[in-house]
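Structure first, then comments.
We call the chains A, B, C, D, E and F, going by the order they appear; numbering starts again at 1 in every chain.
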Amino acid sequence: MIFIQELREGLHVSRVFLCKQKVQGTSKAGKSYYSLKLQDKTGQIDAKVWELNNAIEHFENNEYIFVEADITTFNGALQANVKRIRRARDGEYDEKDFLPVSDQSVEAMYTELMALKDKIENPRLKALVESFYVEDQEFIAAFKDHSAAKSVHHNFIGGLLQHTLAVTSICYFYCKRYPVLNKDLLLTAAMFHDIGKLRELSDFPDNDYTDEGQLIGHIVIGYEMVKTRIDRSPGFPKKLATELLHCILAHHGEMAYGSPKMPSLIEALALHHADDTDAKMEIMIEEFEKTGSQDFLGVNRFLGTNIRKTSKSE
Amino acid sequence: MIFIQELREGLHVSRVFLCKQKVQGTSKAGKSYYSLKLQDKTGQIDAKVWELNNAIEHFENNEYIFVEADITTFNGALQANVKRIRRARDGEYDEKDFLPVSDQSVEAMYTELMALKDKIENPRLKALVESFYVEDQEFIAAFKDHSAAKSVHHNFIGGLLQHTLAVTSICYFYCKRYPVLNKDLLLTAAMFHDIGKLRELSDFPDNDYTDEGQLIGHIVIGYEMVKTRIDRSPGFPKKLATELLHCILAHHGEMAYGSPKMPSLIEALALHHADDTDAKMEIMIEEFEKTGSQDFLGVNRFLGTNIRKTSKSE
Amino acid sequence: MIFIQELREGLHVSRVFLCKQKVQGTSKAGKSYYSLKLQDKTGQIDAKVWELNNAIEHFENNEYIFVEADITTFNGALQANVKRIRRARDGEYDEKDFLPVSDQSVEAMYTELMALKDKIENPRLKALVESFYVEDQEFIAAFKDHSAAKSVHHNFIGGLLQHTLAVTSICYFYCKRYPVLNKDLLLTAAMFHDIGKLRELSDFPDNDYTDEGQLIGHIVIGYEMVKTRIDRSPGFPKKLATELLHCILAHHGEMAYGSPKMPSLIEALALHHADDTDAKMEIMIEEFEKTGSQDFLGVNRFLGTNIRKTSKSE
Amino acid sequence: MIFIQELREGLHVSRVFLCKQKVQGTSKAGKSYYSLKLQDKTGQIDAKVWELNNAIEHFENNEYIFVEADITTFNGALQANVKRIRRARDGEYDEKDFLPVSDQSVEAMYTELMALKDKIENPRLKALVESFYVEDQEFIAAFKDHSAAKSVHHNFIGGLLQHTLAVTSICYFYCKRYPVLNKDLLLTAAMFHDIGKLRELSDFPDNDYTDEGQLIGHIVIGYEMVKTRIDRSPGFPKKLATELLHCILAHHGEMAYGSPKMPSLIEALALHHADDTDAKMEIMIEEFEKTGSQDFLGVNRFLGTNIRKTSKSE
Amino acid sequence: MIFIQELREGLHVSRVFLCKQKVQGTSKAGKSYYSLKLQDKTGQIDAKVWELNNAIEHFENNEYIFVEADITTFNGALQANVKRIRRARDGEYDEKDFLPVSDQSVEAMYTELMALKDKIENPRLKALVESFYVEDQEFIAAFKDHSAAKSVHHNFIGGLLQHTLAVTSICYFYCKRYPVLNKDLLLTAAMFHDIGKLRELSDFPDNDYTDEGQLIGHIVIGYEMVKTRIDRSPGFPKKLATELLHCILAHHGEMAYGSPKMPSLIEALALHHADDTDAKMEIMIEEFEKTGSQDFLGVNRFLGTNIRKTSKSE
Amino acid sequence: MIFIQELREGLHVSRVFLCKQKVQGTSKAGKSYYSLKLQDKTGQIDAKVWELNNAIEHFENNEYIFVEADITTFNGALQANVKRIRRARDGEYDEKDFLPVSDQSVEAMYTELMALKDKIENPRLKALVESFYVEDQEFIAAFKDHSAAKSVHHNFIGGLLQHTLAVTSICYFYCKRYPVLNKDLLLTAAMFHDIGKLRELSDFPDNDYTDEGQLIGHIVIGYEMVKTRIDRSPGFPKKLATELLHCILAHHGEMAYGSPKMPSLIEALALHHADDTDAKMEIMIEEFEKTGSQDFLGVNRFLGTNIRKTSKSE
């Protein structure tokens, strides 16, 4: 299969795409047509279906469709002029080819995360973590597939895992650097800090805000997911539970960024810094990966300033 | 019993006080003494125990103590010179005489609130409200006694009820003014919006932030109290639940004020305005009640400006 | 007459429109043409006049014109292809058909407002209010026709009356809820708070900022309108006058929102909350009226967050 | 007369003071006494009246009193131990000796201001300025005596004149530097920009916020003083009037600083910069005049940073 | 030569332009073409080169090219349809005709600046200033040619000189108004305050941020330029050097505007106000020069409000 | 020697103290006395010298003095009643006993920092670092002794080294986590980021802001120290130099926090996060070290919220 990044004007393609957008329009001549956005993991291409005849089967947004089309250019950009469409059949395609994925192996990252989990000594906390990350197969499957964002950073399959691993790993380093930190509490909080995103964002290929995500948000959802599990664990120390839940609630660091409380405990403070560091680093990394330019790329709206890649050392 | 507001220099008193503060000091001569703050519902008076002999029984902060003392003045303020102290016995005092109370009848206010509750027609929401306000005796007792704040506004017994009644009442008025509002949703949200304060603030006479209050806060606690109850109600519509919980989370109106989400629904917006209006009005009312002055009272730190009572009409 | 909302491709129309915009352009072939925005109370439609011959009489922006045109589509939107234009004659049209209007009866609202006015007992204040709302026919006529905004909220004929009525009504409710409020002062202030908009915004169909509106603003204009009238009323108590004028000046609540003073009196505080509540509620209501969507509508720039209609109860 | 700055421990004084503060206290022994703040133009001294016998006549705050006292020290500061007090008689004292005054001659400053006034060529504006500054004797007398602030900067007799002169003078310089400026408009606005302070602050020796000053503020008062006078001048061009009044309203530059409008005209912008420059410069100058120190003086609350005098050049 | 402002549809031109932008595109038919922006001092015009044949020599951005083209209109704007291009030869054009220039004479402004320089009496400071402005020919040439900004204000040849002269001149006026100012220090600081722009912005015709400009900025570059020169001057007083360098660093007035320190010295405060005044005035002046409109021009993004020209006096 | 923390009422001491403050006062009886603050590394004690006879030799602030005194209590705090004072002689005391010191070994920390330095491979950068940290003995001695702050965090001997080591160590960890980072650039920037504090703060025992520290600040001083050294290194790549200097300037992350530029390079971003993390963590650690309390400690002014130690795990 030729991926979108490899398409050139003049080619004819017969392959499966993920249809990310389908809009019906009417030409000046009063005729209906479709404007589509077709996607695979290498990018997106605009497509037009000018003739809505019976070579065009019914399909919806976010469906996999088998497309025959000629590749042309319009206003300097490639465009697929579609002749035939039908829904793709199971087995004809592999989801991984159509969705953005982490460039790191999901399984390797999960193994690394489990190794960090094993540093937790407190049996209460370890059992709590394992009730999600070892025993709950539905959670594990969803966690491995999920993104950490709709856009911004880590918005790809495995993104939530990759971010969670990075944050937990930074926290583990902090524990060695600052012995005052309660390692068990901090590692547990790091592993749970963003699990609310499993309900805030829908699964791929949709990867968009859910109603609960919009109205409640991953911080409070994550709080509730952990609180509910703790409540089922008789004898879990009240103060420890409150401290763990506080770390989850406070991890955005400022109320203005959606944390209902600012960090009052040193583990909450450490978690916030680990989370913020990985988020900001990843934003810059993802911007740089999009371009070969060594020049300034313009003001980045999340970082608030003009950024450029560091020069190659001479 | 002569209340604190009625005490004058030269009197001798033998009565019960609530001891709000007890600090041990050492005089220049190296002798130990106690500095106390004694309270009843009319105010506070400083007290000194210069002789720590066996006329002074053991007691702690926030205990009711029977005191014999002479009233003197020091630096222009009254001071009790204490001769004897013993812990007060059950029956010797009525808590209501020692703690700040609403100047409105708790029972009358509760009755008014229940009348508003009866305006809720949706059976799911009505049942949810009644599971707290009608069936849960422990909740009802605590709710009637609680304040709505440590300081700021409504920081007295019955304060939470008074504020909840005011907010619910304003919301009911809004429902008549703006027919687009979902009355059942808004009344339910109004009655639940601050119930997290039952766990955020400890009971009287302490009325101070709990550990959970500091680390989690009443917004998220209230969310969880209602969510847990909904989860026990099979078939409760998911979307309605999310909307109700959103109203609770968003009622501070701005993330910078501790709401993890801003109001996205018109009932959340209305609830925020009702809550904000009653809070600000009560702040001004309580400031005015403290003074007979018709002059400017100085910059109020919650209102951000200099305030004064409106002149009497001529 | 077929209203704009009912037009369909292929129709031919011969009717009056309000011309909201007239721009002259030049085609690639070097020929002059007009681009117009035609309006009635149901919406707007783009129009083109390709042939500027003697079938096209002279006309200006904001004039009523009689148009003959064919309805076509361009880029998926309807467009009127104009053949003839002449200025409309008096009697050919009714202004109310061409301008946005309140969906409530202006006369019914005015009657409701007068009933609230009659709650004012202080003879000085009542006389002051009546000197505008009962005796000043020019004021009354303008007040009934005016909008409360160029855009944002209440930007329709009767909008200023509708908003003033809502605010006064909310204030009257506050007076019952908070007996400390000086009812006469608050009702008077509510009725006057936005009358400066009569000079800030020009009359319909223009409804745009005047020079005085841009440079002085409705807050100070309103202050001056009332102050001038008070100065003509010998013996009006100085302190009461200052308090009333303060309420007008402070009704935006914050200096950053254009009030030169923050509310120092409890009536000013109450007025600010009533005004803010009605403005924010109306913003959301007007957004919802524009759409049938039950989804999130995107971030609203006045409310600062993503909004959606509340779900229908099940 | 020995001024306060010259008093030393051990002296006995018999002279007039301005009494800025009079507080009655009760000693430990239950005896009444007075704590006073006595003032002349060189500073203030604390005083105690321990014996309230018939050598102490009745007097009030802000009255001139003839005092006999011994100068002692208490806690390292001088204190007057008062033996006799009576109200001072007319002719016994000169107000100028007791109130802070500009170190520049009021008459010389006024002459300089009138010379700037004569640069105004537009007859309408010149007449308007002269109706205050030449014809209105009550205005002239008040303007020469008034301060420009309760504290902060220019809080002395002649302060309003000194600040107005400085601002007008800077504006005149701007007119030469930036020919685009309408000199007549800018000079007129400069001369009027702070005249609202005549009603915002009471006269000396009180020099405190009036009720109108607190509730309306000098910006809107000044607007009204000029608007009222313009309204009495038939045929005054409407647009010119609005522009002049805009300059007065916008002179604080930002809504958050109390201007209901930001500068939209270049003369309003220029006036704001002239006003801001003179205010900030004077704040620093007055801080430096209070001290002989060449070290850093601590963070100044109006300037927001630590300040020090520039070193003497070597 | 016909300047761009004078071009009309139908003309044929054969003349030199500065090419500010050259973008290669592909037509729907798959053919390459160039889109150019051609500039002279009177403005810019879009141009298309549809036939990339051997009549089109190689050229780059920011080069001077000799162009033969027909003037047409497209979408209501003029467009040059280019037939031939070759690089312009030395002597065929005068740079001053192609770049925006100050409307004041560079030499006259420099002479005025030198006259202000001669007001500096301190020999150390005068020598320091002259080491740049009298002795350093490379500096002088660059300073005369440079802009003071990429966009915003003074973004033309001679702009840095014009702004420096205005600021120095305002500062000299302040010295007369506020005798406390150290005239020598302030004039020196004024002349140096923006010289870092010589390295922050590249020379014309590029006039864009350099790498050092983006990463270090003119404030710190200017600090370093002066500090390096001082370090070569043995015996320069340490305190005086620190004060001068502080004025340069603090001239933006607020840390949030890029000054690493706020003004702590009165000369730094004065310099900030002079710089801010001239910058804001020039922004408004340049906006007004772009238009003949007497109406409001819309919200200016640097001034934060809607602006208009002042009316002509009647 | 009995340290200050061990002193008790009734003791008599004869030992050396560091005199941190010496103020002369006058008693009510007109007699001169001294109020002193005496310090050793365990804390401070107030002292009074009531008799200024010839047993009291001359001494100044920040001098080491040999004191004979009785320990008493006043207002519940210990106070030294001084009988004799003379300046301490060399050899009588060890500075380390009198100044706050890091609880980590300076030499061990320096060795660890040098090991990180050896990770730098780029010969230019390594040589630059070694020109300070290996070859410049004066720099090395000062760096080992210096604090990183007057107050806030790391305000003790060795504090600058401890903070620099922590930041460099965190950066080295980031390099392993984020391979995109230029390790040599980041480690170099980390080692240099705060060296400007050597001139911003004076040496112990003073440890206060210098004039240059107040007026220029450590960010720009550090920039200049490194820039000057680079300028002496012919052939140092211009772009690399600019990037390194940018990292130093941008390390506070926000302009409002004193960085004249925000981080544009990923190494600058990483350095900012490492610096911010270590600063905030150390603030909390130092607060916790001051107290044995497990309760909330009140709102910390640097962290902006109420903090408490995490509970001991059960």
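By definition in this document, contacts are C-beta pairs under 8 Å (C-beta built on N, C-alpha and C of every residue); 3 or more make two chains touch, one makes a residue touch a chain.
Source: prediction; values computed, not measured.
Under the touch definition stated at the top, chain B and chain E share these contacting partners: A, C, D, F.
Under the contact definition, chain B and chain D share the contacting chains C, F.
In summary, the pair chain A and chain C forms a contact in which the copies contribute largely different residue numbers, shared numbers making up under half of all those used.
The interface holding more C-beta pairs in contact, when A-F is weighed against B-F, is A-F.
Taking each chain's centre as the average of its CA atoms, chain A and chain D sit 62 Å apart. Distance between chain centres (mean CA atoms), chain D to chain F: 45 Å. Residue positions of chain D touching 2 or more other chains, listed in rising order: 214, 239, 243, 261, 264-265, 296, 306, 308.
Touching chain pairs in this entry, ordered by label, are A-B, A-C, A-E, A-F, B-C, B-D, B-F, C-D, C-E, D-E, D-F, E-F. Residues 122, 166, 169-170, 173-174, 177-178, 180, 182, 184-185, 237, 239-240, 243, 261-267, 269-270, 273, 276-277, 280-281, 284-285, 288, 296, 303-311, 313-314 of chain D are the ones that touch chain E when the two sit in their complex. Contact residues of chain F toward chain B in the complex are 9, 73-76, 296, 306, 308. Remark: chain A residues 211-212, 214-217, 219-220, 223-224, 227, 239, 242-243, 245-246, 249, 255-261, 264-265 touch chain B in the complex. Across the interface of their complex, chain C is touched by residues 25-26, 28, 30, 209, 214 of chain A.
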